[in-house]
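Note that the chains are named A, B, C and D in the order they appear, and that numbering of residues resets to 1 at the start of each chain.
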Amino acid sequence: MDKKIPVGILAATGTVGQRFVELLADHPWFEITVVTGSERTAGRPYGEGVNWKLLGDPPEKVANLIVQPTEPNLDVKILFSALPTPQAKELEPQFAQAGYIVLTNASPYRMDPYVPLLIPEVNPDHTGLIPAQQQKYGWEGYIVANANCSTTSIVLPMKILHEAYGLATAVVVTLQAISGAGYPGVPSMDILGNVIPHIGGEDTKLEREPRKLCGTLVDGEIQMADFLVSAQANRVPVFDGHLGSVSVKLRQAPTPEEVIDLFQKWQPPEICRELPSIPHPVLIYRREPDRPQPRLDAGSGSGLAWTLGKVRSCPVNDIRFLSLAHNTLRGAASGSVLNAELLWKQGFLG
Amino acid sequence: MDKKIPVGILAATGTVGQRFVELLADHPWFEITVVTGSERTAGRPYGEGVNWKLLGDPPEKVANLIVQPTEPNLDVKILFSALPTPQAKELEPQFAQAGYIVLTNASPYRMDPYVPLLIPEVNPDHTGLIPAQQQKYGWEGYIVANANCSTTSIVLPMKILHEAYGLATAVVVTLQAISGAGYPGVPSMDILGNVIPHIGGEDTKLEREPRKLCGTLVDGEIQMADFLVSAQANRVPVFDGHLGSVSVKLRQAPTPEEVIDLFQKWQPPEICRELPSIPHPVLIYRREPDRPQPRLDAGSGSGLAWTLGKVRSCPVNDIRFLSLAHNTLRGAASGSVLNAELLWKQGFLG
Amino acid sequence: MDKKIPVGILAATGTVGQRFVELLADHPWFEITVVTGSERTAGRPYGEGVNWKLLGDPPEKVANLIVQPTEPNLDVKILFSALPTPQAKELEPQFAQAGYIVLTNASPYRMDPYVPLLIPEVNPDHTGLIPAQQQKYGWEGYIVANANCSTTSIVLPMKILHEAYGLATAVVVTLQAISGAGYPGVPSMDILGNVIPHIGGEDTKLEREPRKLCGTLVDGEIQMADFLVSAQANRVPVFDGHLGSVSVKLRQAPTPEEVIDLFQKWQPPEICRELPSIPHPVLIYRREPDRPQPRLDAGSGSGLAWTLGKVRSCPVNDIRFLSLAHNTLRGAASGSVLNAELLWKQGFLG
Amino acid sequence: MDKKIPVGILAATGTVGQRFVELLADHPWFEITVVTGSERTAGRPYGEGVNWKLLGDPPEKVANLIVQPTEPNLDVKILFSALPTPQAKELEPQFAQAGYIVLTNASPYRMDPYVPLLIPEVNPDHTGLIPAQQQKYGWEGYIVANANCSTTSIVLPMKILHEAYGLATAVVVTLQAISGAGYPGVPSMDILGNVIPHIGGEDTKLEREPRKLCGTLVDGEIQMADFLVSAQANRVPVFDGHLGSVSVKLRQAPTPEEVIDLFQKWQPPEICRELPSIPHPVLIYRREPDRPQPRLDAGSGSGLAWTLGKVRSCPVNDIRFLSLAHNTLRGAASGSVLNAELLWKQGFLG
């Protein structure tokens, strides 16, 4: 690649926006040339407008960029969107219509039948939905969404099992880290030495998104996978890492050892192996009975790998297992960066 | 009751033993007249031999009792056993043989087909197994066991549902407090800001004990309930309170509102209402979507009530719900005290 | 007391206001007859307007009171103020001027030279400042303030030492609980597994308030005690209880054993012993080297006692020790309730 | 350096020993050729004998070394000692006598008048004590100790102030992480949501070690620095990082800005800058009022830098400040590795 591809970040001063800045500052393929922000910060250098919450200081080359208003007249084609839900809902289609490619971390269009809900290792072929999206909505650009962080933490093994044995049902209970709620997020008065067995909207996301991610692209449409998911999300006093306990019924029942073998030998789709942000390996299977653990395993593969464990036969269903991923590294902004890398490889970035 | 019933405590100086001392010191029916301990403490006043870990100081009248060796020549008939597993396994049958009534918090005989695994609100009629036990083993006394604390936290709603609709399967995930592991128990290095998805032997107990507790006494034998349980126990950085997330398949499927109504109207068996340690109410149903929570609800009913919540229809099974109980108050020593109260009411204490 | 004394609560729907409601609902001397609130809640029954955060439900008799606007035309003379700082600053003098007696938990008038900063066990005679306050400001009513919760946690032993040996200097480091920051208060992202060595304005309060509390009333003025305090406040992931580590230089240097003896024999001023909310004992000295601890000791005396420990000679100053008090029970609303009880005993409530 | 210097690790299978293995596995100057262990592990490959607690797996080249008994007949001259206190006390002099150079993390000889207590950035010249040690004890080898982790966290700024202004007294309160207690270390029952204001022996170490570290080598003896330290150590529920709050009286009183300037401009002794493990910078001064914080700052400089903050004038003494260092990275094994690097540079390993 002779020259880096210029990209912009929508809502670059917020928590997720800062993570995009951090991830893209030294990216081998992309270069941040545009950052947008609210009225309060627009017109000022990014380094002054941002209340930087990550380690160290904002990268110097980004710190000097002047923050622009979030309007579809930006001098860059590829946009990473860290917009909050209401603005994302309103503005992302406007950007797509105006010809921009929007890689969004926001939730409003995740379940839109024409928007790819994309995780490169899970469903790289779903980008085939993009032409249908453009035709359906009359957009020159398009939107691609990454999955919710809790969905992300469990969907890779579900996809592998679905492909191998046909997934019929999954009962999922998640133990989710506080960083998933952003900042200020969960009050310490609520979570110190406690569990909150409720995360607004999360159960629904966990029950729907995996069916789309494991779905099949047929004639410009995603056919949702025909399995059922039951989810109960819990917030626990853990810093990073969402842990899912999953019990599945499969159409063909394997033994636990066959499943462990499947997980251990699994390789991501060929195209993923050339993406610069992909971890090696993508999937780690641990045989210790007390793993994965959030504090020990969420950082595996620089926070981008899935750690699985405890594959056992289930007295009620067929197989049960644990799946863990880092919610802010694998689950949020990084997901969109990996998606952009995949889109580039597939020729969708033009 | 004119005069209190004298009772003894086996292994009274350990963690569970201290809890027995605390619970029985001012009991309206029982009076501690004997405490036993290891060689190290035997012969000394309890107040000197014990390393008291509970609030305040050991009750004065117990502090002055001389600790006796744990041998079946004690001058009292009713014994609460806080013996560790190996000693319990060896010594409890010796005591039963010698004519003592042993109310044990230990695990070895919980699944013995002739030992009642007893929770007064769940299966008060299982004491009918006692004559069969005495006949089978040729004992003059007998053993009655309370359930594991994690089983206790979820079994009451399972029993209620089983009775009303017939339980077919249950997928259970527990989030368990550190106090369940005793002292010193879980190293802080392992659990601070973390989840440990493994508690040795706990999954098996959770999968077997509910079937016995919900079983039926037929011809001097317990027929295990014919449902299946899948359990995944997790340790979380919570001080007190085990929280269970349960998804059940029922033989007749009710609506969530029917189940909520059932829980809200449920009353413990008539005989329970006269037991002095019984909480009022025994079962609390909370309609807030984020309850029960260990820190807010484990102390309900002086730590002896169950708090349920979040009854919802399950996309995979029929009904799912949350159940919480205080693991050291409801789950351990108090269970045996309640069992003793029940046995007295039923005439089994002679 | 034939009939209870009617009292009102300003800003009764907030966190501190709720605590006032809880503390006064069953008070032997006082009866809540008036509650005020913001425009949002005024005109509605308290039980509907309040978002109750404490255990259980709001007391029934208070739940039915109609919330009134916080204006000085209330039909009750004695007011407990839970107003936030800015409103307290503006409104409390208006109430005092209009003849109301204001017992405030707010900070604006704590260091006012004519407002008693009052802790019954520390400086009950400072109520003698009330006539001077009324004369100086031309008020018919008056304001009495309780101390900041961190000051409260350390000032009792400072006063005892000051009285006995003359306090010259104190170097104080506090480890303060999250509940001191109210709700939502400290984000869990900031404090889980962490220490925040900064609480806005707290060091200054800790350096000034003890000098007033230990001061002397002379000719209608408080002469500040002539010692110096250096304070460093830290927030730690503890639920309740502020712990202070204090090293003092005294004008006459005692031995540690003399100080322990002094603490153990200390009795609160005679008048305190008749107050219904006073704990017995007020001061607990523990000899274990690892006490007091917030989780074990903050609840002592129903959360109203001070627990001291670790009196040792100091290689740099004379004596060092630890002091702990429950920040929301002893430190906030309860302080004003105890002050009201003292004022009644002293005849200041009319 | 053409060829790496062979080194051995005593008690290489324990917690500290594993850290030595990790730190030295890819060291640019040193190469692990010998590891020793207890009878249980001796004779087996290190990879089999060790219960590896650090991230990942033991380094391959070390995993294949056969564990040897800890006896002074090892085929290597330079030894890093991770021996527990009693064995260290007995065995380290035997190794020194037998000609070995012992770099110890253990405490028994830290305050020995002839053993350098060494932190390269603080007192690199104290290695001048080595010849006196050899002469005094008739040893061919010698012992060099690193400081206690809590001392380490505060001693660098004390040394800088002592050199610039003459330190007279220091009142120190530390908030120490659980990892400082090793594994299993602090029970979670004791520390979750709590503070333990006691760490056995720590206050004494904090009061004595800084005086030796800041002392002067005169005629083959260390003259202890003539300041006094008062220390109160607290355990807090933090994973890594000891935070010290320090109030100092100086012989010449600077302004806070002068001290900040001194800290910001400070450079480690010339010889330190060439050591491969030295962080750049060694000392970070943060101007935010709420820093340093353990979770945010303990990892600075790969866990080897000190982070200072909150230099303020002290109402009681002259200056107060906060100092933080990573207790297991900077405080333990790494200290000995840095000491070895310094000794090599100074020609003492040769």
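Simple rule for what comes next: a residue touches a chain if its C-beta (ideal position, glycine included) is under 8 Å from a C-beta of that chain, and two chains touch if they have at least 3 such contacts.
In this text the structure is predicted, and so the values were computed from the model without any measurement.
S.K.: I need the common contact partners of chain A and chain B, sorted by label.
M.R.: Intersection of chain A and chain B contact lists gives C, D.
S.K.: Report the chain whose mean Cα position is at the greatest distance from that of chain D.
M.R.: Of all the other chains, the one whose centre lies farthest from chain D is B.
S.K.: Compute the distance, rounded to whole Å, between the mean C-alpha positions of chain C and chain D.
M.R.: Centres of chain C and chain D (C-alpha means) sit 43 Å apart.
S.K.: Measure off the straight-line distance from the CA centroid of chain A to the CA centroid of chain D, and report it in whole Å.
M.R.: 42
S.K.: Which integer distance in Å separates the CA centroid of chain A from that of chain C?
M.R.: Roughly 49 Å separates the two chain centres.
S.K.: List, in ascending order, every residue of chain C touching at least 2 other chains.
M.R.: 192-193, 237, 239, 296, in rising order.
S.K.: What part of chain A is in contact with chain C in the complex they form?
M.R.: Against chain C, chain A makes touches at 178-179, 183-193, 237, 239.
S.K.: What part of chain C is in contact with chain D in the complex they form?
M.R.: Interface residues on chain C, with respect to chain D: 169-171, 173, 175, 193-198, 207, 228-230, 232, 234, 236-239, 243, 245, 247, 289-296, 309-310, 314-317, 320, 322.
S.K.: Would you pull the chain B residues touching chain C in the complex into a rising list?
M.R.: Listed in rising order, the residues of chain B that touch chain C are 55, 192-193, 296.
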